[in-house]
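See the structures that follow.
Two complexes come next, and they have one chain in common, subunit A, joined by subunit B in the first and subunit C in the second.
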Partner chain A sequence: MTNPNFDLLMWARTTGFDIALAIMVGGILLRVVEIVVLGRKKDLARPKGNPVAQGLKTIFTRSLPRKGMVKEAPVTYVGGYLFHIGFAVAFLFLGAHIALITDLTGLGWPEANKALIETAAAVAVVALIALAWTRFSNPVRRMLTTFDDWLVWTLSILPLVTGYIAVNKLFGDGTLMMAIHMLSAEALMVAFPFTKLMHAVTFAMARYYNGSIQGRKGAES
Partner chain B sequence: MTERPLLPELLRANGISRRGFMKYCAALTSALALPPALAPKIAWALENAARPSVIWLSFQECTGCTESITRSAAPTIEDLIFNAVSLDYHHTLMAASGTAAEEARLAAMEANYGKYLLVVDGSIPVDNPAYSCIAGISNLEMLKETAAGAAAIVAVGTCAAFGGIPHANPNPTGAVAVGDIITDKPIINVPGCPPIPIVMTSVLAHYLTFGLPDLDELGRPKAFYGETIHDRCYRRPFYDKGLFAEGFDDEGARAGWCLYKLGCKGPTTKSVCATVKWNDGTSFPIQSGHPCLGCTEPNFWDNGGFYKPLSTPAGDYRRVGLAAAAAGAALGVAGGLMGRANKARAARAHEAVDAHDLEKKS
Partner chain C sequence: MTATLERGLNALREQIDAPVASFFTTCVSCGLCAEACIFYKETGEEKFTPIHKLDLMRRLWANEYTLLGKVKSLLGLGEKITDADLAEWETLVYDSCTMCGRCTLVCPVGNDITLMIRKMREGMSAAGHAPKELVGAAERHSDYGSPMGDLHKALKAQIAHAEKETGIPIELDREGADYMALLSAQEIAEYPGVLAAMSRIFRKAGITWTISTEGFEATNVGVQLGNRDVARTLVSRVVAAAEKLKVKGVISPECGHAYQALRWEGPNLIGKTYDFEVVHIIELLDRLRAEGKLKTKGKDDTRLTFHDPCQINRRGGINREPRNLLGLVAENFVETEDAGTMNWCCGGGGGVGANERAADLRFKAFNRKKRQFEAVGAEKVVTMCAYCHHTLEEQLEEHGMEELEVEGLTELLAEYLDDED
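What follows is the complex of A and B.
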């Protein structure tokens, strides 16, 4: 006799995780290495400024909104920040997640309490809904939004929602909900290298590249 | 069947007052999540009900279940509850042995056919019946034969309920649970390795008083397996605060923090250990500083390691990850080189076109 909920949880902890990890790690390396190998033509002109310093600086400065933009698209900016911060806090400071990170990397840090994690998760969910709404209500943005975007949106909100349900036992079997939460995170891992989620890795490369071009020309980026 | 003194007599002989007995019945009633008004009914049933014949079969087991139930601080009322039934066959407890013992089983079966309660501890090997025999009869054969005339079956312990330790990977004997073989009788699963004594006696009391208890989808009485350890754990405030013991003797362990990171399976384990506790309510594993192993759940032995946190992968993922990284990098190099080759080919194939050419073509 077996417990199908427990078996699903074990699948998510074994085969499911292995598949998701292989696709995520393999996919990220595939894309990053490909970008690096493709390379760029050497710029023979003598640099007017410092491309490396500008490149490195740009990685950080582009995290700040350009002048006037917050007013122009407040939901996009504020919602974007809140989602990223909320998701990061909920992912990085829950005890169970830190246990996973420690198992994977050997690194660890102090855990946050339930109230903080749940507030962060709730903020991230509300921000995601607001962001979806701006995309839906504005005809231009709606036109620009592809299937890929909605998929990424769904895959990002699911771990937050399922995690909240599993921890608080809102409904359903606790073990089943925990399994579903893990599977939702694994779905995110699988999609990661092949969707816009990849920006979490490539943003630094892209920003550095853009910044260094400007730096080379002696311009501020 | 030997005639035994009835429960009231035994209680008196053991110096247990009427009041003590009623208190115990009230405890059983609350353990069963029944309204307190039913306590007298339980008491009445235990004292007066016709003592049903019970046949107890032990298969691939360690006798831990029998030990748990019979060796609690003696003489407890739990022991005496057994006297509310007529335990006609239990090869660890009965005086008779060999052929005489088997005869007792057959006689009890014949005398109470269709009415006796069958209790089983231990799993049943089905790969080769010879792996476990009693008096030359294979466990499988004995179970089928005895179950045929039973009114109901109680599978005591995780081995009987779900296969337990003998069933653990790689399951050398092909061990299965009672419910995997017998499908045409009501089966009450009372898992635990071993189960808590009062859970066992309460299930018996319920059966004697009201018949079969309410069961969950795994055949466990809902009154005892309705909530997880984590739902009722006294260390739960530490879990919620994010305070975890990281080792068995670190500051967190000494301060009594949550044992999740030491592999506690409380969140996925349904049992009343955290409230009913063991040894007459003295303590339970988590209170003694050890994470819950999840022993009331199927396949608890193969849950990825007792000391691995529930949120961590249970497989050998490092090798998979390294292989994927190498494959991904190799494919990336190949993709990059192909892209470069394409670019070079396009550059070679490039023809200069001017406005006149375009005009001619259009």
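What follows is the complex of A and C.
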């Protein structure tokens, strides 16, 4: 007898994935266009520095904390880095993920070993939990936190946890767990353009604008 | 909806552009901007978190400039902005922000929060929610030429005084001079010594300069209040005066927001690139130093530190220049923690100093600087903004530290100028 969950997994792999991908790509394009069409007036002040070069540079340099800042909010900084790095490693270097990306884009790269992937996923999960804790315990973060933040948090942790369970066949039916893993990733994809997950794309715009505004004045960014 | 609220929201809508939309889209509510803000750090009150000060602008953007927000608004679900909200936010936007720019340099996703505060003030003032002191100063500035009223007489008296002191004439309205110097109202009223200092330094350097009686006031309350029309009127006066006198350059005085208003906002306010150069006095003096035209003798041996005005350094890019100049005349120069680009604000910028309601808050905010000055055992603080100078003196007095002397950099340099022929 065939596993009844098999159909669900197949749907998640094919139709479900295609729908999620279409919403994500279309949604991101829409959101980016929504921003860009608002335009920006040409700056008529004679530049002192190079706005374009500094804008581009700031996209990268702003990834590093400013001197002395980490000690002001250690959990947010360290948790933030560990989550982003852990998530990226688990997502980009697992063999099955690479195969999927190759399928879509033709691009490929070597996979990492299982221990590294699992450590990365575990680190990302612990970091997310620590970050959630600061959203309760730190008054500033508590005030700023909205439903959107919790939704994004949940959508980020689910693929990590379900992936770990599915790969290691920890419990439940393996096929079902894999289907759930795929569906959780698809939920993240669908929500991406309409939540703060968008920052993963628009950070480059924000940093560019910041750097170019400061750069024109010959000021640091 | 009242007419003023509608006017305020319209003014705010005009301020929403691609950078603003990208900033709000990208914010991850990490709260790190709070760690950069002197008002949060010195009070511990979370409402002073920089991005929170912009929440009404964010709401407007979310409701009207995003697809999801538009759908929500159609269904009557969008969070509305009321007059009561504006009243509540008035103190956040004006009293607890000096537009110092620290948050802008710290936000990990790159949001220029300070720029958005500047923009939000346009909406707040149009809605009639701005501190009365700034509104009054804007009226005086528009009607009488300076936020302190008509300063023509005072200027002439100070010029006569400087001429007597130095024996060097200062020619008013001189066509074709190299530079047209501006002054801040604070200098004319409180620190006129800068006139004699410039006079001596420029004569020695062989620079011709003048002051226009039609546009000598550099400050611009329009950019603090958030009123582009006022800001434009004030910048236009200076531009017209400079064009009339056909000068090569305009010297922006030791004043932070004046430099910001004239050098960076000005061309955008009047809609054209200037055909003259705008140079900050300290930038010019450092240029003269590099060209060997500014020679000094002797040095100040007090333990001396430097206060960076936010609008001139962090938001103006003038960081090395004052330090080069201090190297000429300071024997015992010591930097405080975070000095330079990440220096902490004196607490008086962005109109906060003029705002009576904010007095207690800015005194509290100054504790940061107080600790830093104490930590380096400073005997003198040098700065390059007359309003920082004024605020530092006020704050030091309030904190029982009057013995700590404050001095403007141009005047300090003039003290050690080697101007023997």
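Simple rule for what comes next: the second predicted complex is superposed on the first by the 218 of 221 C-alpha atoms of A that agree within 3 Å, B and C clash if a C-alpha of one lies under 4 Å from a C-alpha of the other, contacts with A are read in each partner's own complex, and residues count from 1 in each chain.
Basically, a contact is a pair of C-beta atoms (placed from the backbone, for glycine too) under 8 Å apart; a residue touches a chain by one contact, two chains touch by 3 or more.
In this text the structure is predicted, and so the values were computed from the model without any measurement.
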Which of subunit B and subunit C A:Asn168 touches, first, second, both or neither: neither
First (subunit B), second (subunit C), both or neither touched by A:Phe194: second
Which of subunit B and subunit C A:Glu34 touches, first, second, both or neither: both
Touched partner set for A:Thr76, first subunit B, second subunit C, both or neither: second
Subunit B versus subunit C as contact partner of A:Arg141, first or second or both or neither: second
Residues of subunit A contacting subunit B in one complex and subunit C in the other: 30-31, 34-39
Residue numbers on subunit A that touch subunit C, as the complex places them: 30-31, 34-41, 43-46, 48-49, 58-59, 62-63, 65-69, 72-73, 76-77, 80, 138-146, 149, 194, 196, 198-199, 202-203, 205-211, 213-214, 216-221
Touching residues (chain side subunit C, partner subunit A) in the complex: 16-23, 25-32, 34-36, 40, 46-47, 49, 51-52, 65-68, 104-112, 115, 263-268, 271-274, 277, 313-319, 338, 341-342
Subunit B-facing residues of subunit A, complex: 1-3, 6-7, 9-10, 13-15, 17-18, 21-23, 25-39, 93-97, 99-100, 103, 108, 110-114, 117, 169, 174-175, 178, 182
Touching residues on subunit B, where the partner in the complex is subunit A: 161-163, 177, 179-180, 189, 218-219, 228, 230-231, 239-244, 246, 258, 260-261, 267-268, 297-299, 302-304, 308-315, 317, 320-321, 323-325, 327-329, 331-333, 335-337, 339-340
